[in-house]
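Going by the order they are written in, the chains are A, B, C and D; count residues from 1 in each one.
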Amino acid sequence: MAHLTEDNSKILKRVRRLKGQLEGVEKMLAEGADCYAVLQNAAACRGAFNSLMRELILDHVEHHLVQSDEATDEIRETAQEIQDIVKSFLK
Amino acid sequence: MAHLTEDNSKILKRVRRLKGQLEGVEKMLAEGADCYAVLQNAAACRGAFNSLMRELILDHVEHHLVQSDEATDEIRETAQEIQDIVKSFLK
Amino acid sequence: MAHLTEDNSKILKRVRRLKGQLEGVEKMLAEGADCYAVLQNAAACRGAFNSLMRELILDHVEHHLVQSDEATDEIRETAQEIQDIVKSFLK
Amino acid sequence: MAHLTEDNSKILKRVRRLKGQLEGVEKMLAEGADCYAVLQNAAACRGAFNSLMRELILDHVEHHLVQSDEATDEIRETAQEIQDIVKSFLK
């Protein structure tokens, strides 16, 4: 329900790309690849994970606070401050 | 390929479990699940991913430094200090 | 200035304790202490800093959303979901 | 003892700058500054904390592994791989 339908395709794309990266790591492990190469490929997923979390949180705040009919100007301002903090933590 | 064969099955299990968790998130998104439920499940994936990274780094240090035939006592000690720091960062 | 006066003393205590910890690290460095001991003490500061950030964000959300006179039940619910996510990220 | 004397001044500078930033946050709290301004200034310390931890870990690995007289080529290679992973995590 809720807001996700609108942004679904963008977020779904992120989840699928991340799953693809993980499948690459899985294949390397199954084939006995060099351990540091595995480590590097796994580390590369970390940015994708952080971006996914950032988008999910920002969307949640956007739809349930910033764009809520029930939000006043002050509520909206605080919501945007929270979004800025999230962006600085998960960039 | 080195040390990974030994620990392969343990790490592979982690990667596959994480992939399964991500598929759960993908399914929730595709079905239009409640957005906070999606967010919580994605956050759980992040914890699993951090654990995976921790194990990959600890194993790498273990096999190439701590258990290396070339390591002296001092090398070994530093390697274990690094493992402790990694544990404190990725817990 | 808003809500900080109430929680000021609690947060101020955290900031001062953290400053004290950092001064400990500074002193160790100046005295040429063992480098791993310095590293461990710096890592402890990082944990204290994450706790400080968590408290600052939770308080901000608490006073400007959860306890705001302008907040409706739905606004409040979202605010508490945000607090739960922040707790899981900065624990 | 150990390697810190050489890099001491660089690391000490980082610690002191970070302490200065924290003192700014302390002053804002004591003067009842706007809570979001406090939050932003505290968040700005996070990058400085991560950089300090990164430098401490990299130096530790550099002096006790990479530049150790006891390190073989293989030990050195692993040590540099660890440094690269640390850089990607704490950037």
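Just so we're on the same page, a residue touches a chain if its C-beta (ideal position, glycine included) is under 8 Å from a C-beta of that chain, and two chains touch if they have at least 3 such contacts.
Here the structure is a predicted model, which is why all the values come from computation and not from measurement.
Colleague: Looking only at C-beta pairs in contact, point me to the busier pair out of B-C and A-C.
Modeller: Higher C-beta contact count between the two pairs: A-C.
Colleague: Taking each chain's centre as the mean of its CA atoms, how far is chain A from chain B in angstrom?
Modeller: Once rounded, the distance between the two centres reads 19 Å.
Colleague: Calculate how many whole Å lie between the centre of chain B and the centre of chain C, each centre taken as the average of the chain's C-alpha atoms.
Modeller: Their C-alpha centroids are separated by 27 Å.
Colleague: Between chain A and chain C, what distance separates the C-alpha centroids? Give it in angstrom.
Modeller: About 23 Å, centre to centre.
Colleague: On chain A, where are the residues touching two or more other chains?
Modeller: Chain A, residues with two or more chain partners: 36, 39, 43, 46, 57, 60, 64, 81, 85, 89.
Colleague: Chains as vertices, touching pairs as edges: which of line, ring, star, complete or other describes this one?
Modeller: complete
Colleague: Would you tell me which residues of chain A are touching chain C in their complex?
Modeller: On the chain A side, the touching residues are 57, 60-61, 64-65, 68, 70-72, 74-75, 78-79, 81-82, 85, 89.
Colleague: Report the residues of chain B in contact with chain A in the complex, numbered from low to high.
Modeller: 1-5, 8, 11-12, 15-16, 18-19, 22-23, 25-26, 29-30, 32-36, 38-39, 42-43, 45-46, 49, 52-53, 56-57, 59-60, 63-64
Colleague: Can you list the residues on chain C that touch chain B in the complex?
Modeller: 36, 39, 43, 47, 81, 85, 88-89
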